[in-house]
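The same chain A turns up in both complexes below, where it pairs with chain B and then with chain C.
Take a look at the complex of A and B:
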């Protein structure tokens, strides 16, 4: 019983909650303006589009791939939407078209990776640039800034003047996508492919189809993130979301998703986003410099990766615990990939101790 | 078992402590607040921090704040991205600042946040990069486009005795500000004084050092009698200066345009680009802060023709640009020569 309790306490998500509370207390000491209802409700709003992108990326990373073209897909999606709207198309039709474009671009990534078996980092590096260019082709110049109020309200409106609609959208997306990831056969396939693609394929998982699908999900989420983006910022330009890729990847990795695939939770990514939002908001309210803010977030990310890797290696028993001064636990290595991680951790531990 | 996990936990908490202490100790490395006993609080938000030009704007904003007895906080994102300016706007409003002075990365994307701030009673002044007209009270603008165009023709003419073939090295063919300046240059060249200066080509270096250098070399090959180049872009002028310097043509081909003193200093001292210009970044933040302070005091409302005293800059006047929106112009462009360049650091 205590063991079960301990395991629950030491889950990554629990640590994130502790960190959020700690970060909140820290922020409250930094600034008297932090602990007000309006601030607490609103502090995540500027990061909602980052969160929606991160949710989509989570599927890709758990399947053992990466998609760094998400910010460019967002840009193409919003400029397509804006261009259609500008030409008199009904706003909801244009919205649907924007989502369709986003999913189609995701499909391009998916086919290149899943069917042609090209490495996803190379593919999405290429489409990152290509889609960005495409966005400028579709809408060059100053961009569009006139949108119907009802549309803007999705990403930038407030209920009762204080509850941001974007936050509701974020929580709802986390819930629905969490179900898809953790409670469906499709979700189980993802974890299987991410852990060991060969084994998953041999045991009858339709690996290619699933890998194509994750990129479509990622693209579609970039489209939805685009709605939140335009709603909150009231602007659709070809450089929308540029410079935000790092924040998206940060949320995914800090959320405890194994960057090598096969492990991660939607709750973790959601909590990581909240953690980053709390820290940024606190530092902002205390007028901490933008450069120092980046250092804090960067160190946090490094710590998360190091702690995650160390934790996995220790649980696996594959790291020499005697060296860390901790007693060894007799578990046999189960997986070649885990062993590789363990080796990389081992090579970082000081020798000769 | 328990000890292993305690190991992980202690590691994480150790890192957390390090992170937090870094944040606390380095909190005011490049951002900072100029405190005053009383007075109003002004949040100064550049396009990005860590760039000399904006650092100069920030310093001069604090200089103005000292003169006025106000408080200025200078802070912003580390990338020139509108989405990253928005959290600074919201947090300034929540902290109860009285005004925001902003150079926007996207005139529209910051507008909803600025309007939220206005609803909470803050005054918004834009400078350098304007925002949507309904989201600010007054825009403090760089020198007039007609002045920027005409001055550059004069700076080049003075170097080549107003005679000979000249070329323009611009950024991209679609850059609106570049095209406006070039239009005014062409108008100026029609004046009697400049009738012997002949514009032979307008080249585009795409605001990229390599492309700009290639275009400069192409100009030198195609027009052996070329007497001068005008590069109204900071990237273009420094690339052109480098090419002229390396090919030892600084004496034969004159160079002018818009450049940063820090980038151009060594060329000016070698005799390349003996006369070029920009606007005074030191005055820019100063004037914008003065405007913000006067608007807060109700002494400036943005009516056409309204005049006011802006400290060491003397009397200024509110003019209107297109669309009848109130604008205060920084002044005439500033010229840099070997004699004065060491006075400027941006």
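Take a look at the complex of A and C:
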């Protein structure tokens, strides 16, 4: 019993919840308006596009790759949408085109990484700059700020004047993508590829195809994030979301996704997003400037990975627990191992060809 | 092309590939020069080339450091933030102590850079954080420090001593002083990578970290060293930056890392680590600066430069990967041929047969 409790307490997600509550209490001491229902509901809205980007990136990172071009894809997507709208195209058609552009740019990343086997770090660093330049070129440095109200209400509207639509979108996306990640064969493939690509390939996982797909998902999520972005900020500019990459990567890694691939949960990323939102909101209440906030978020990102590395080192015994004064109690369950077991079970099941 | 390489030793094949890369860069550079000379009338003037030399200079100083990091199969995205911070700190010091020797200000800048680079190295080696994430975080953290240090202030050109501004303005032997700095750094970097043991270790680590460890190379210490040198050279780059762009504030050199990384990658340093030369990187920097200068003369938007930088990285990485793969195939075939020849010359003894 104690062991089960201990395991529950030591789970990453539990720590995140404790941190969120701590951040909330700290914020409440700064402003009496923090704990009002409206503020709590509104708190996350500016971070919805960051969350949607982070959900997409989660798939990429679990598959053992990285995509740092997501903010640039968002920018290209929103400026393409705005440019089409400006030329009199129907708003929903333009929205669909914006999503299509985002998915296509993701496909470009995916083909370069998955088919040509190029390092995702270098590819997406290149496309980060290339897409950003493209966004500026499409809109020639101007901004568009006139959109139909119905479109804006997706990212900035409220239902019953209280519940932000964006929040509903965020929770729905987390739910759907969580199912895709944790309850489908495709999701298990991701964990397998992220743990050991060679082994996954040898056991029949279509590794290239899956790796292309994760980049398309990440691109498409950047497109959806663009809708939330335009709805919230009410403008489409080529430098949209520039500078948000730190928050996106922090949400993913702080959420317990193994930066080396093979492990992570959608719930964790969702909680980490809330934590980032609470911290930034609290720092704003405490009158801390945006660039100083970046120092805190950056340190948090580094600390999260360092803590994860320490945890894994303890798990595989390269750092002895006795030295840290803790006795080792069994092997802690890891998502990667789970996926590997699921894989081997599946590969034993005969398939009709 | 590959067929002609048969019969060559592996080292010769590799050397041939490098020469091809550098010849390719020279051809691209020549094409760019011809194109801009036709389209932009003032491109082929001495003044314009001195401008390009000033731009190349700062990129080269930082790119030599970045090269060492990339050779070890890592990357440093934080260089621009280090350049900005050290530019401000050294310029601010010169502005408030106008009598100081320039060497002291340069040492301060290099010192700041060294510390920040060392921190990057510790994060990557000791905390085992992947370089791209670690330096993405320090990119934001060091820039945040810049805002703390400047507190909204800026150093302006009129506050700085003329002898400092002369670093960018004066032209001994027709080349700007900045370019002479870059020349010295490139020669020193090249010498280190060619002849010192730890310079060779960078290549060994990048080619195969595991094998390097088994060969007794202190891998962790070498990677920390590479990041520290990169930080120190970024600090020096910051000092030079302040003399070239003497109105320094908290956002100085933002996005400069893209220029540096583009120069390194199209200069032929493999992003998987283990191969590349300073000579190639200098060529890469000259190509980047020439094309950007040409874009400016043609009054193309700033953003086409960004697009060019990004596209150049992707294209260079793609070409590198394809060439490397064909090269590896050629080497593998060659090894198989050698083994087969040996096999035919001395048939296996009966007990060795299955």
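Going forward, the second predicted complex is superposed on the first by the 312 of 353 C-alpha atoms of A that agree within 3 Å, B and C clash if a C-alpha of one lies under 4 Å from a C-alpha of the other, contacts with A are read in each partner's own complex, and residues count from 1 in each chain.
The rule we apply is simple: a contact is a pair of C-beta atoms (placed from the backbone, for glycine too) under 8 Å apart; a residue touches a chain by one contact, two chains touch by 3 or more.
Not measured: the values here are computed from a predicted model.
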Room on chain A for both chain B and chain C (clash or fit): clash
Partner chain in contact with A:31 - chain B first, chain C second, else both or neither: first
Touched partner set for A:132, first chain B, second chain C, both or neither: second
Touch count on chain A, higher of chain B and chain C: B
A:258 touches, of chain B and chain C: first, second, both or neither? neither
First (chain B), second (chain C), both or neither touched by A:249: second
Chain B versus chain C as contact partner of A:116, first or second or both or neither: second
First, second, both or neither for A:305, with chain B first and chain C second: second
Touched partner set for A:280, first chain B, second chain C, both or neither: first
Overlapping contact positions on chain A, where the chain C interface meets the chain B interface: 140-141, 289, 291-295, 299, 306
Chain C to chain A touching residues, read off their complex: 75, 77, 123, 127-130, 132-134, 136-138, 140-141, 143-148, 250, 258, 261, 265, 271-272, 301-314, 317-318, 321-322
Residue ranges of chain A in contact with chain C within the complex: 66, 68, 112, 116-119, 121-123, 125-134, 136-137, 140-141, 238, 245-246, 249, 253, 259-260, 289, 291-295, 297-299, 301-302, 305-306, 309
Of all residues in chain B, those that touch chain A in their complex: 1-5, 7-9, 11-12, 15-16, 18-20, 22-23, 26-33, 48-50, 73, 75-79, 81-84, 86-88, 90-91, 94-96, 106-112, 132, 174
Touching residues (chain side chain A, partner chain B) in the complex: 6, 10, 15, 19, 22, 26, 31, 33, 36, 38-39, 42, 46, 49, 140-143, 145, 152, 156, 229, 232-235, 237, 239-244, 280-281, 283-296, 299-300, 303, 306-307, 310-311, 314, 321, 324, 326-327, 329
